[in-house]
Amino acid sequence: MSENNVNAYLLLTCPDQNGIVAKITQFIYQSGGNIIALDEHVNQNQEFFSFRVVWNMKNSNIPASELHAAFEPLAKEFMAHWRIEFSGQKQRVAIFVSKYDHCLQEILWRYNMNEYEIEIPLIISNHPDLKHIADAHNIPYHVFPITKENKQEQEAKEIALLKEHDIDLVVLARYMQVLSPSFIEAYRNKIINIHHSFLPGFVGGNPYKQAYERGVKMIGATSHFVTEDLDEGPIIEQDIMRITHKDTIPDLIRKGRDLERIVLARALSYKAEHRIIVDGTRTIVFD
Amino acid sequence: MSENNVNAYLLLTCPDQNGIVAKITQFIYQSGGNIIALDEHVNQNQEFFSFRVVWNMKNSNIPASELHAAFEPLAKEFMAHWRIEFSGQKQRVAIFVSKYDHCLQEILWRYNMNEYEIEIPLIISNHPDLKHIADAHNIPYHVFPITKENKQEQEAKEIALLKEHDIDLVVLARYMQVLSPSFIEAYRNKIINIHHSFLPGFVGGNPYKQAYERGVKMIGATSHFVTEDLDEGPIIEQDIMRITHKDTIPDLIRKGRDLERIVLARALSYKAEHRIIVDGTRTIVFD
Amino acid sequence: MSENNVNAYLLLTCPDQNGIVAKITQFIYQSGGNIIALDEHVNQNQEFFSFRVVWNMKNSNIPASELHAAFEPLAKEFMAHWRIEFSGQKQRVAIFVSKYDHCLQEILWRYNMNEYEIEIPLIISNHPDLKHIADAHNIPYHVFPITKENKQEQEAKEIALLKEHDIDLVVLARYMQVLSPSFIEAYRNKIINIHHSFLPGFVGGNPYKQAYERGVKMIGATSHFVTEDLDEGPIIEQDIMRITHKDTIPDLIRKGRDLERIVLARALSYKAEHRIIVDGTRTIVFD
Amino acid sequence: MSENNVNAYLLLTCPDQNGIVAKITQFIYQSGGNIIALDEHVNQNQEFFSFRVVWNMKNSNIPASELHAAFEPLAKEFMAHWRIEFSGQKQRVAIFVSKYDHCLQEILWRYNMNEYEIEIPLIISNHPDLKHIADAHNIPYHVFPITKENKQEQEAKEIALLKEHDIDLVVLARYMQVLSPSFIEAYRNKIINIHHSFLPGFVGGNPYKQAYERGVKMIGATSHFVTEDLDEGPIIEQDIMRITHKDTIPDLIRKGRDLERIVLARALSYKAEHRIIVDGTRTIVFD
């Protein structure tokens, strides 16, 4: 069944109880699936159980198209939130940029190397500056200049465009605008931002200037889901690099670019590989 | 059943086939066990399946003392190598040292902090120098001076002592003697060494001098199981630190001590937590 | 002149102008000194010049005892703040502790290894718990229990004790009391603290709990000079380690101990090697 | 003197003696130069003194064009090897590539960001595959296919091309050919390579496969000057990343690309900033 020669990714959360893993893996076994990876996590205080299992469906006796329906009774028994994804079904990603190109270039380079199983049908910006990069990759580039007055209207157009293109994920690749709560609500846990500091340090504007003035010995970058509270969303990935008193603010900006690129790139890969479950203010990133 | 309020650790390897996870987790579920952690790994080329699962036995209907027998039929079905360990059953560890104290001190400090679930019934050395440290911790310290002539005889006495004390694991904490093949054979995959380089670079003697002369920009340390080939055993853990041209050989020795301490300490913790499976020249260290 | 076979350390700051390095190195050359290390830093915005130079005095025609007077005219010409230290003149360090022993043990271990050129004439605590460690190292251990009522009085006694012992540096090795402004004023830029977070993130109490709740992917530790603003003093050294969603708060506490030990140990070594100049809210740590 | 508003970089090595720093900084002071950075290093065993000093010439009374002649008498007094470089005089760099584009893309991206003070007049390859990238940056791309038979002849043409373009530095950005000794001799300490392992581990071909088979827990990359001994030249920069047993050889190749990019990029920046002095098998990389 060549149509079935794909991997299935089940991500599931539910109140903790005995037997969940046994019943789910039994389900997979009986369907003819071959488990490739599995991991669980119990947030003991909250009795919140999370599970990720990946299996190959080459010999599955359930077609991919019927898997959701077949699994549903078990999920109901566990009162679970869950979803099943399939390899080959590329997530559709919209990149938002402003004037800095480094994060965009990094993502597009990896996209061309096929590091991600994603599709990038469009790039959205509040400035025309990076259009040439989109052109070089034959990706449509839409400019929506934002002012205080037109913000609501422009965001409505952006959302319409995202809906039209069936966008699964929005990546803010140094997009220098704060999104409205209604935008965030429309893409809850589906908007990834890169902030150029080691959060929770240095929220808000000019984090490298803040870092210089505080005299830290390392700078960082943080990729997180966007929530209504600026720079407060669940963190997906962080990294740091060592600096010294010799580094000026321009040095920090230049060095920090390398961090921003790699941290956002990793966060996107975790999302593309269906590794992330959001648990309140925290993320579970399965290995 | 308070006697059962322990965690069971199953480590299992076998030829890969479908249904292993389903059947094992079903076994645990039916026994009343509550899974705390599980992870698998398939070495696809060799079709070598590895599995680690930890479950709580508080509500188990199988006493710990009968678990081995209860699981055996399933293990036979999979033609598995396997073992079950229990929390509270402390591994018995013998530390071997020579004259450097830093790795020994680090392990004893963590041992006193109860970071490890181990027992250290004895310390063995080819020199009397570190006896005062053993004394301060009330651990018997046995000196076996080694010469070319007496090596076989002394090692035989050491092995007898290890047997007498039911030693599960030997930790070479900068022990400056090469063990004989017969010693290694007697404790196959049960002897952990710390080598003061980033293996496979700088095998053998004086690795910091070698590192200085080669002009590397980072030094490392490697903890590995001891095999008959010097510094060639399966690697458990490694780490590095950055150095510069300013660092002299004494600087490297001093800085490297911090690496040796932390790398050996981590390797021992992985062993104490039953996380390691040896797969030929490689280790699987479950997360 | 064997009494002169020492290294001199000059640390100097002054308004930037041309010729400072030339004149100072000319002074050293004419005195017969052999430069071992030198580094400068100009904080361009503030025109604040910092300089560190180390030279060997074996062939010096100025005795160590007269060096200060000999250099003074040049320093006055530059309107400099400056000091000269000599190798062999061990800085006198008082360690303050409460109940956690890991930072104290780390410092004492390195002290015994002669990693630092310091003297530790006393350990001060608000609790008797760690006296056995001080005893094992034959270091007097003074207990000053602190309450809201007696704090001023007890601190006065502590300061008297520090003065009596000619203490140059106070190291707060997880000392769980906030020092009064008058104490801090008495030892301005001479009190080093270790805070168990990556500052400026998670100031104040329970930083590991804060880190867990914020869901960061790395934890850190920061060593800084103590000022009147809690956890706001000039940072000397920081480091981080990666964590995952699996780490509970006790895991963070346990793992973080390793960070606290190494970060405080490094900060102390920089101080002992006369590498640090405080520049407002920042430190210059010469390489 | 606007023509003089540049920074001068002096790199000097000579047998160690007293007064070198004093005399050189005095020379700079008298010329009206303002020192921006300076550092020295003495390789004590070999009595090999290295010095780097950077000064601004805005108020210099010696024109840049006459600086070399003006400094020469002092250099002769020290029997020094030395050179003076000026900001604004871009080093001319030739990039050699084969089929992998990641290191080339990284360098070109930074080149376009003006991170380097270099000029890239040409790219040379033994394959036509990456011509489109050179075209997109308007850099001439020369293809010299290499066989055992034509190697000497093709290299001669390459060298002629390098000479014609006044090339100062050759960067092998994953160039999959070993250069002949005569080529290396022609550009002694002027050819930078990136090797995809943490040298001295895994020299030669397929280092990621070697790393997988050895079971290391970290992979690395090393940038070094090319000498006649394969992968044995003086190391400029190294870095590593953590891997696990889950990583397959393709995973290592993919992850390792990120290391290769950053390590080669850093090595090139050190060269572009005149920070490197080669000392036998080691490099001094001034901070």
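Note that the chains are named A, B, C and D in the order they appear, and that numbering of residues resets to 1 at the start of each chain.
One rule holds in what follows: contacts are C-beta pairs under 8 Å (C-beta built on N, C-alpha and C of every residue); 3 or more make two chains touch, one makes a residue touch a chain.
This structure is a prediction, so every number in the text was calculated from the model and none was measured.
Looking at which of A-D and A-C shares more C-beta pairs in contact, the answer is the pair A-C.
With centres defined as mean CA coordinates, subunit D is found 37 Å away from subunit A. Centroid to centroid, with C-alpha atoms defining each point, subunit A and subunit C lie 42 Å apart. Shared interface positions of subunit D, i.e. residues touching 2 or more other chains, are given as 244, 246, 287. A complete topology is adopted by the chain contact network, contact being made between every pair of chains.
Residues of subunit D touching subunit A in their complex: 102, 105, 109, 113, 115, 136, 244, 246, 254, 258, 262, 287.
Across the complex, subunit B is touched by residues 18-19, 21-23, 25-26, 28-29, 32-40, 42, 59, 287 of subunit A. By the touch criterion given at the top, residues 41, 44, 198-202, 213-218, 220, 234-240, 244-246, 248, 279, 281-285, 287 of subunit B touch subunit D in their complex.
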